[in-house]
Structures are given as structure tokens and as C-alpha cells.
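Both of the next two complexes hold subunit A, though its partner changes from subunit B to subunit C.
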Partner chain A sequence: MSMRQTKLWSWHVIAGVVLLVLVGLHMAIMHLNGILNLVGYNPAGEDPIAWENVVFRAQQVTFMIVYILVLAAGLFHGLYGTRTILFELNPSPGVRTLITTVFLILGIGLFIFGSWAAIAARSTALALMQ
Partner chain B sequence: MPEKITYPNRLGLKGWVVGGRWGVERYLFILHRLTGLGLVLYFLMHIVVTSSRALGVAWWERAMGAVSGGVFTIGEFLIVVGFAFHAANGIRLVLIELGWLTGKAEEPIYPYKSSLNVQRPFMIVMMILAAVVIVMGGLELFAH
Partner chain C sequence: MSQTKNQTTDIVFRVRRFDPGQDDEPNYEDFTVPVKPGMVVLDGLWWIKENLDATLSWRSSCRMGVCGSCAMMVNSRPMLSCNTQVLDVADQVLLLAPLPNFDIIRDLVPDLMPMLENHRKQMPWIVRDDGEEQEAPTDQYWQTPHELEKYLQFSYCIKCGACMAACPIVAIDNDYPGPQPLAQGYRYLIDTRDGAFKERKKILSTEAGPWSCHYAGECSSVCPKGVDPARAIQLMKRELVFDYLRLNKKRYQKPACLLPPENRSGRRSEIPEPPAFTVEGAVSNNPPT
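After this line comes the complex of A and B, so read on.
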């Protein structure tokens, strides 16, 4: 494994730990909020996807930063992991380059789109709160 | 120029799935990959669907309406299952990678100690943790 691949693998592990904490929090708020009684994050009732609860979370700068961090860590961890699995099938150098290029474009594109959504959702939420 | 070393993937996809007589960790490896691939696929779609919140209540409710109820509830539960397993097994893998669950190197004196003696009890604890989260997720989705 080259030095570059070792560094990328280390980032893969670090991104995994970041996801463990942040997605763990996300899963608790969105999927276990009733059982864990996390009323503070869903003040408009138990349904976490009710628009009022979405607005409440979206207007907070902490949530916006967490969403963007989850995007970065999730896209890198997921796409690098998938690339590693595909490379084990021993594809030709041309196919390897193609896989890397497609995943890079997909990852950067979705990161820009998702970050825009997190920032725009905060603006929308703040406008509604006024 | 050094000769390029290649390792033929003799078993192909079958090599991923069939663990043979290896230990239970070999099957956790398969499950880690399967859940990982499922979570990536879900995450990519999740980014697109949840981005509708930026466009206001009408877009949000239309998007949520399109992915709610029936088969999507079962899908949501599978995501909780996948996440719980992938996260718990991931903790084990990171601790092994850092050498914290492999034990210290020592002189081999009979009866030999295996690194499995250290990580296997931890693996069982992690699988119990995953099972607890899965049960809680199931109760939240189907009974709460």
C-alpha cells in the first residue's frame, strides 16, 4: 500500500469515528426520539419529520455545521469504502481511474448540493421564525 | 522500473460471500460490507430527498409523502439495523486496527494465547449493543 493509500485509509477510519458520533446523534433524534424522550430536539411533538420540528432544527447553526460535517465524513467514508471493495475485483488501470473519477465527481457534487441545502434551509427557517 | 505485483482475485464475488470454515468474524466482515453498501446507497438518496427542506414546507411534505409508510417503514427499520450493526462492528474494527484488542506480543508458550481471546468477548459485547439498538429502533417504529 502506497503512502497516499495509507493516508486515505487513515482518513477513512477517522471519518468512521466522526460518523459514529454524529450519525449516532442523528439516529437518536430521528429514530429513537420517542423511546429516549428527546423532546428538546423535537419541541412540536414526537414526529421528527414534522415541518415545525424540521424548522426548529434547521435554524440552529450547530445543526447546520453537523449536517455539513456528516456530509463530508459520510460521502468520503462511503465512497472510499465502496471504491476499496470494487478495487478488490482487480479491475484494469483504466477502470480504476474511471471509478475514482466518477466517485470524485459524485462526492464533490453531492457535498456542494447538500451543503447548499443545509445553508439554504437555515435561511428559510430563520425567515419563518421572524 | 520495479515489476508490478498483482494478486489474482481467484474466487471473485464468491470469495466475498463464502467464509468457509473461518470464524464468526469472517461472516461479520461480509455483513460489514453488505450493510456498508446498503448505507451508502441510502445515504446518497437521503441527501437528495432531505434537501427539499431548503425549498419550503410544500416541497418537504411532498418529498416526505413520497417516502413514507408501507415498504418505506420496513426500509427505515433496515437502515436502523444496518447502522446499528455497522457502527458496533466498526468500533471493534477500529480498536483492532489500533492494536488495542489484539493483546501484546509475547513469547509463544503452550497453551498458546490467541488474539481472539481478547477481541472475541468484545465482539460479543458489541453485537449485544447492536441488538439493543435494533430492538429499540423496532419498538420506536412499530410499537411506539
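After this line comes the complex of A and C, so read on.
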């Protein structure tokens, strides 16, 4: 397939950068809130896992998109990396195809499930408001 | 070393031997060599061949670190035996073995053909449309010193295979071409006189590209010519990724052209004409005057 490895590697790097930024955001909001005092993300006080703060974040469409983005980047980066490691064990071409197929199905399946969970969490949080 | 010129030190050359016609597996054999200051490992091997065992085999040619034939494991590190002083690396025992990651032809002779085949796959030559100009050049191509710098160090490769022997990925991944072919691939990929970026990137975008490199950097640390293949491989990845992301649109549109007429100086008058051919029927590469 033309340019296949270049594409996969490029997206692997991009996913890594996305993870770096979004995990940084997670660290800032969830673990460094006491220092950074991000009131906009935790309006109910310093504790990021206080019920009101969790519900507030779950209601935001931005957070839902970010959750799905983290999921996509994490799944691609992790599965492609694991596939690379497994390929270094010199499997036969048949086993390589099997690994790729299993990871593809696993990745798509987990992405659908995770995205559904993020959307459902937002719907639940919105329902709690009413 | 405080030794005088004629003092000798007995050093045991522990050499890994293997004759595929006789041996099931390699074994080590000891040879005691009287080493004088200034002797290189290759001199010691010649001394063994001339005085102790004429069947000992290795590969060597130029004896001055240029041809790359005599690379071998010297005390478990890939080195050129012709420019490694024995007394610099051993005071009692010197361990010699063929380069790993290659099949052994005999004793210290590795089979470099897989590396050279991969080297050939990288199209290690300038590809252009103007074949006539290449066959009978009329002037220089337009390349700045800065553009030359980009590939110059990689052109110092002597294909000794030391980097391949040191690479942990070559040791485990049959598809990975290794640092030597990839560094040479990059050397031509980045040469502004070359016009085959599209063809080259097709080759490099497969499993046989640079993607398995973990950047261990061992290839660069053992290179006897100071080439940095690990750097070439990372830069190659960057070129390919930037090309895929359309971040270097203009770079590979056209190969470098000939110098513009106002910059052409023609043949310098102080350079004499080449002597006449001594072989009958030889064809001149010089352009007709």
C-alpha cells in the first residue's frame, strides 16, 4: 500500500502530541487544580472530583469531544506501538495480518464503546440538571 | 605506553574460528603474538597466518581504513582491524570475532551481501532526467555549500558493516534494512541534484523503511569514519513525515539545474588535459570539444 508506513508513523507522532497536550490538560485540571486554581473547570471548589464539579464537566460538550479525542489518540498510539513491538518478534506474514486485524477490530470496538460512554455521560449529566 | 620501538609484548589473540565445511558451531582458538608498539590488529592476524596457522581467514584490502573490508569484533566492539592499535585495546588477551548480525562465511569473514542488497534497493545514485548531461557533463550542477553539508558526512560511509553489527534492531528484525543502507538512502534523498524523491519515498514507506529504528545510536558510536547513521535515519523520518503532511512543498519539485551561464567558468586553464588512453577502444567521458 502506497506510503502506508509513512502515514501510520505520521499519525503515531500526531497522536503522541495530542496525548501530550490533552494529558497535560488533564493533569492541570484534575491534579494541579490546587496550584493553578482553574475555577472555570471546577466551579464548585478546589476538589476536582467533587460531585458538582464532575457533573459540571460532564455537561460540557467540549469535554465530551476531548474525551473522544483522547480515546482516539490513546487507542491509535497504544495499539500501533504494541503492534510495532510485536512485529519485532519476527512473526510470519500470516501472524502479522492476524495481529493487524485483531488490533483494528479491537481499536474500532473500543473507540465505539468509549465514545458511546462519553456521549452517555453527557446525556446523564444533562438529565441531572433538569 | 612507555615501550620502546623494538620491545615486544606477548598478546593472546583469541580468535573465533568457524569452517562451515567442518564445524557444527564456532569455537575459539588462542594464538600468542609478539606485539610491537605500532602493530595494528590486522598486522597480528597476518603474523598468525604467516607463522602459526595459514588457514586463518579474514577479509582485508587497503590497510589504511578506507576500503572497509576488515571490520570485525575487537574485544566485542565492531572496529576496523587495520586502524586499531593492539596495545590500545589489549594488555594480555585480545578477543576477535566476525561481525554479528551477518552469516559467517569462514572464521572472521562475514557475508555482507544482505547489507549490500539492501544498499542497492535504496538506489544509491543520483537519478535525473538529463542522462546526456550526466554522461558528458558540460558544467557543474547548482548546489550551495549548505546543501552539500546536508549529505556530506553520510557520503563518507565505507560500507564496512560496523553499524549493522552494532544495531539491536538488525539483530531481531529481518525486514529492517539497517543503518548503513538507510543512511545511504538519506544521503541521496537529501541531495538537491537528485530528482527521484517520489521513487525513493515509495521504497522507504514500506516495512523496509526507517520506521523500526529505536534510535539506540550504537551505529553512530561505532562508525570508524565518524558517520552518524542514527541521525540520518531520524532526519529521513522527518523528511518523509513532513512530505506526507505537505510541510515541505517546494523542496523536491525539481532537482538542481546547471549553473546559470553567468556563473559558469568553463574548464580551468591550469588543469591539464587527461592523458591519452592506454587501452585500445576505451571511450572518453569528456564532452566533445
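Everything below uses one rule, namely that the second predicted complex is superposed on the first by the 128 of 130 C-alpha atoms of A that agree within 3 Å, B and C clash if a C-alpha of one lies under 4 Å from a C-alpha of the other, contacts with A are read in each partner's own complex, and residues count from 1 in each chain.
The rule we apply is simple: contacts are C-beta pairs under 8 Å (C-beta built on N, C-alpha and C of every residue); 3 or more make two chains touch, one makes a residue touch a chain.
Computed from a prediction, not measured in an experiment: that's the story for all the values here.
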{"item": "Which superposed partner A:Thr62 touches (first subunit B, second subunit C, both, neither)", "value": "neither"}
{"item": "Which superposed partner A:Gly24 touches (first subunit B, second subunit C, both, neither)", "value": "first"}
{"item": "Partner chain(s) touched by A:Val13 [first = subunit B, second = subunit C, both, neither]", "value": "both"}
{"item": "Contact breadth on subunit A, by residue count: subunit C or subunit B", "value": "B"}
{"item": "Which of subunit B and subunit C A:Trp116 touches, first, second, both or neither", "value": "first"}
{"item": "Touching partner for A:Asn90 - first (subunit B), second (subunit C), both, neither", "value": "both"}
{"item": "Touched partner set for A:Thr124, first subunit B, second subunit C, both or neither", "value": "first"}
{"item": "Which superposed partner A:Met3 touches (first subunit B, second subunit C, both, neither)", "value": "second"}
{"item": "Contacts of A:Asn37 with subunit B and subunit C, given as first, second, both or neither", "value": "neither"}
{"item": "Doubly contacted subunit A residues - partners subunit C and subunit B", "value": "13, 88-90"}
{"item": "Residue ranges of subunit A in contact with subunit C within the complex", "value": "2-10, 13, 84, 87-90"}
{"item": "Interfacial residue positions of subunit B with respect to subunit A in the complex", "value": "6-9, 12-13, 16, 33, 36-37, 39-40, 43-44, 47-48, 50-51, 53-57, 60-61, 64, 76, 80, 83, 87, 90-91, 94, 97, 133, 136-137, 139-141, 144"}
{"item": "Residues of subunit C that touch subunit A when the two form their complex", "value": "169, 172-174, 201-202, 204-207, 209, 211-212, 237, 240-241, 243-245"}
{"item": "Subunit B-facing residues of subunit A, complex", "value": "13, 16-17, 19-20, 23-24, 27, 31-35, 46, 49, 51, 54, 58, 71, 74-75, 78-79, 81-82, 85, 88-90, 106, 110, 113-114, 116-118, 120-121, 124"}
